[in-house]
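Below are structures written as structure tokens.
Next come two complexes, and both contain subunit A; in the first it sits with subunit B, in the second with subunit C.
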Partner chain A sequence: MSTLAESRRPWLLLSPALGTLSFLLVAPLGFIVVYSFWLRTATGADMGGFHLDNWVEFFTDAFYHDILFYTVRVALITTILCAVVGYIPAYFIANTRMKNKALLLLLLMLPFWISYIIRTLSWINILGTGGAVNYVLMQLGIVNEPLQLLYNEPSVILGLMHYLLPFMILNVYVSLSGIDGNLVAAARTLGATPFGAFLKVTLPLSMPGLAAGSLLCFVLGAGTYITPLILGGPTNAMFANLIFEAIIIQLNWPLGAALSIVLLVVLGTVVTVYGRLMGLNQISKSFG
Partner chain B sequence: MAETRDIAVRLTDVEKNYGSFQAVRDMTLDIPEGSFVTLLGPSGCGKTTTLRMIAGLESITAGEIAIKGRRVNEVPIHKRNLGVVFQNYALFPHMSIADNVAFGLKYRKLNKTDAREKVRRALQMVRLPHVEDRFPGQLSGGQQQRIALARAIVIEPDVLLLDEPLSALDANLREDMRVELKRIQRELGIATVFVTHDQGEALAMSDKVVVMSDGQMEQIGTPEDVYNRPTSRFVASFLGNSNFLGATVEDVTDGLVTLAVKPGEGGAMPIRLSIASNGRFRKGEAVQIVIRAERLCIGRAPESRGGPMNTFEGVVTNVDYQGLNARYFVEAGGQKLQVINPIDQHPAREGDRVTLHLRSEDAVILDDTGHVHH
Partner chain C sequence: MTTTTQSRATPVASEAAERAAAAGGGVATRRRPGVRIPRPSGWSLIRLASILVYVFMFAPIAVVVLLSFNSSRFGTFPLEGFSFRWFEALWANDAIVSAFQTSLVLGFLTAIISTSIGIAASLAMVRYDFPGKGLINTALITPILVPEVVLGVALLLFLRWLSIPKSFLLLLMGHVLITLPFVVLVVQARLTAIKPVYEEAAKSLGANAWETFFRVTLPLLMPAVFAGMLFAFTISFDDVTATLFWKSGGTETVPTQIFAMLRNSISPEINALGTVMIVLTVSLPLIAGGLARWFARGGRG
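Moving on to the complex of A and B:
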């Protein structure tokens, strides 16, 4: 009988966490799943039941597939650029002998204190037709009329990089700062040039951080709608924009629910496959 | 000074400053081919900095370092051809043992078969022949240490640099590795610079010991030299257990100095000692006498070496039983002396009145600044 009580004990102790998770995550997800089989009628009311119409629409209409591919493409390009651009400051912070290393890390977190929307909007003042870049170019006489720098794919990618770089830098930094400095020294004494030692020792050992940062960037990038909404043109809509459109603009909750599940499954699959290949414990490390 | 070609490493007036802090200064040292030279000193004495300067891992502020007669001040690390073993082994965790050991061979034009053969032989040398396919994380500390050594020697370096390679190992393993390291060094006949703060390691392994403190060399000599004939108070106190006694010179004749040890409190009769010394001392000069704790003999007098024997009385105030030896604290002539003697059946006990013997050759006289008289 004591064994029965004992076997229940872990569940008892876990119950607050399990309760919270079920209430905040599992239950709402369940609602969304159920909703995706409902139907929005012409009158604007939702009709309950089990209808496959939303799913048929998603699977048969190439429009959705194109945007899904476009989303993956933008997220992938952004991730690769973040990896390349983010590695450098991460390397610098990890290897600097500056006393204020903590300050550098704090600066990295600074953008998070300002709303993501405001940060994104700020690009309009920089890249817009009346923005800083065009103003300088016009004043210098390099161009006669303002360049159209906004509302295209590069501006969306730029906005996403702005948003995602800190995640990449932090992850790579954690990985790099965990590498024993003597390893590079050892490689050098054995005959490696500075760059050779980087390629053979530092880079491979920082791969877990690079991989974790890339996953975060990809998932966050593929799930955003604010950046393409503010900085993208009509052709730059990403999948989350479709969900936003369906739910907020068209008030078609059932379709929005179905599309949400599509995005969840796609990103969930990416995370799972990636986690199998790379291991996910690195992500928790960089936030720990 | 030896011929340049017999010198593996030559340091000439080497100096290292970090800002206004002088980490190493006036470092002038020859490391002969095939010899095992130890840089010994407490942490922060500049020994590791010196090693890293030889390796090229630290720049040098002034002076010159030459390896095999070639000035290397401006030679980058990867072109110095040195084998370095780090304190924490620094094995590449993402590579197999074979790849770790073969790492340096990739930069030395060798075909694959030769390289594999060299790796095999290096692993045999460190007596770990069957671990090629494993990873560093799967080996014990002692095994990792051997692999680090194999990786350093496989490239046939001009000099082997060892930075406290044994300090991360536990005591028993350390003793084994000490013997092993020395065996490998002898077999290869490679000039070796060994950095340690452990006097036991330094005395047991070295051909020459360089005692350092505060970025400077205090004394260079054979282990016997630095142990038995310390030239400064620092060396005497860093190595072994020493008694330091303030004394006044009373008479100097034929290399024999007669001294009156300053009595401590209590108005005891001062001890008079005759100590052999080549230093030129004046009558009445204040000096310091260094006496190793194990050179004072309780009860039985040691065999004479021709010089006079000093004999005086004392009272045992404390006994520290150590198994093989006993450490006695003896009060004599108002001074507290440490005496370490092998235990011969019955150690003296607290309160015993004992006779102490000291050969005239078994003490060193330093001037009152704590250095040898020249």
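Moving on to the complex of A and C:
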């Protein structure tokens, strides 16, 4: 067997994957960069060439900036809440003496398998005017009229948390369970309080998982349009909703392309900065 | 305090995570030797808070299932009586039945194509060294890192420009793209754990590359193949974000069908459909986990 054939083999094996990625990802992304400089004319046809109109519209219209900031805000709040709320069960599973750790973890991962759209709309059953919360409140006589709990920012954040929490828990758990228990014991022997030992030993050592979970929550949260569409009101539109609107409703594809690039650049910057600081392999770690 | 040392590199974490990913479940956790660490104070508080998180995760899902059996006309509380009528209504609804067919075929084809491509790529990444490997490794997981909306828009506009209309084929290609990184991650993790000595032994006994792959590597890899296919199927079956961009006017998958039905209001039919999806997506990993274990034992029950 020649060494040339041997050295070609990995590329041969990779060619279907790289072909898929080039044709379905790289080329389309390159194309929408070019396409964002085209124009959609009143007749609905594309005008090729180099027009800055879409970009001028994005950079000068405060409407887009406001929604971009709002998107970052919602994703940030969601990420912080997921970090705080997700850390606790991850810590519990990592430290419990119960035998069925894997089962406990599996249970929390189960919603991850359940359809995102079902999980999102399930909150209508909880928070809607005919939902569980209002039903209980009215039965108890606390309120006479059902409260409007849906279609606002908290309900969007709640829906996003429900969607993203498993990502956080899994990543934090992977980090926590890799910590040598002797380190905490050592800190305690040296006089640290339990909370002190947690702050000085456990928390810093779990940072990689916390960071990876946060990255996933932020990026996935900031890129969603389904949750705001189902659980949000008219003022809760996020940036991806603008893209959906431009492409599907207004059929202004060049503008939709430009807005997509904005979202890609903003979230891509977050991922790149994170990758420089932490490396991206922590994320792959939670898969095995 | 005992002096037993604890091995730092206990693979419990990755095992548990892989198990969660592969949803095999039920394998007893290995007991770690070592010191018994004193329970942190406030442990009961932590336990209580953890239980509340479990409630938070499961309550909405439980309510969907509960309401799907409610005979009330509105799909809301109060519970009026037990009934299968909404499931019967599902069965009679042609749009939903055809959406199910579309989703099943799409998920199945996606799983097969994506896993085949993913296995080949994983073999290259784990078994060979070549220049640019790090870059390729990042490239393979890029579809996870690019927001799905952007994937949806870019592929749609690009294929429009090439005059390839929205079709089932576009949907299939798109789903292969979004599932590929997950398959690669799962298969790579497993392949790393299989020592190359088996393959080397087969080769030294005269097997060529194909024989080695099909008679040694692939059988050893079977659990990961199942896990990867299952992962791909579930992601494809659940996807709505990109699918809404790619589907053609007449085609609906189950999630896009639900999305369309939601436009009016939440009906008891949606809860019933949700229950079907929940049962399906929860039982699939369990069945696959069982199958994977069966294969791991060599395919002889």
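The rule is simple: the second predicted complex is superposed on the first by the 270 of 288 C-alpha atoms of A that agree within 3 Å, B and C clash if a C-alpha of one lies under 4 Å from a C-alpha of the other, contacts with A are read in each partner's own complex, and residues count from 1 in each chain.
Throughout what follows, contacts are C-beta pairs under 8 Å (C-beta built on N, C-alpha and C of every residue); 3 or more make two chains touch, one makes a residue touch a chain.
Not measured: the values here are computed from a predicted model.
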Checklist entry - Given the touch rule stated above, what does A:Leu24 touch, subunit B (first), subunit C (second), both, or neither? => result second
Checklist entry - With the two structures laid over each other on chain A, which partner does A:Tyr91 touch: subunit B (first), subunit C (second), both, or neither? => result second
Checklist entry - Can A:Ala187 be said to touch subunit B (first), subunit C (second), both, or neither? => result first
Checklist entry - When the two structures are overlaid on chain A, which partner does A:Met109 contact: first (subunit B), second (subunit C), both, or neither? => result second
Item to check | Partner chain in contact with A:Pro204 - subunit B first, subunit C second, else both or neither | outcome: first
Item to check | Most subunit A residues touched (candidates subunit B, subunit C) | outcome: C
Checklist entry - Considering each complex separately, which residues of subunit A are in contact with subunit B in the first and with subunit C in the second? => result 180, 182, 185, 188-189
Item to check | Residues of subunit A touching subunit C in the complex | outcome: 7, 9-11, 13-14, 16-18, 20-21, 24-25, 27-29, 31-32, 35, 85-86, 88-89, 91-93, 95, 99-103, 105-111, 113-119, 121-126, 128-132, 134-135, 162, 165-166, 170, 173-175, 177-178, 180-182, 184-185, 188-189, 194-195, 198, 219, 222-226, 230, 240, 243-244, 247-248, 253, 256-257, 260-261, 263-264, 267-268, 271, 280, 283-288
Item to check | Interface residues, subunit B side, partner subunit A - complex | outcome: 55-57, 76-78, 80-84, 86-88, 90-94, 103-104, 106-108, 151-152, 155
Checklist entry - For subunit C, which residues count as touching subunit A in their complex? => result 1, 5-6, 8, 10, 12-14, 16-21, 23, 25-29, 32, 34-35, 37-42, 46-47, 49-50, 53-54, 56-61, 63-64, 67, 74-78, 116-118, 120-121, 123-125, 127-128, 130, 136, 138-151, 153-161, 173-174, 176-177, 180, 182, 184-186, 188-190, 192, 209, 234, 237-238, 240-241, 244-245, 254-255, 258-259, 262, 266, 270-271, 274, 277-278, 281-282, 284-285
Next on the checklist: Please output the residues of subunit A touching subunit B within their complex, sorted ascending.
Outcome noted: 180, 182-183, 185-193, 196, 200-201, 204-205
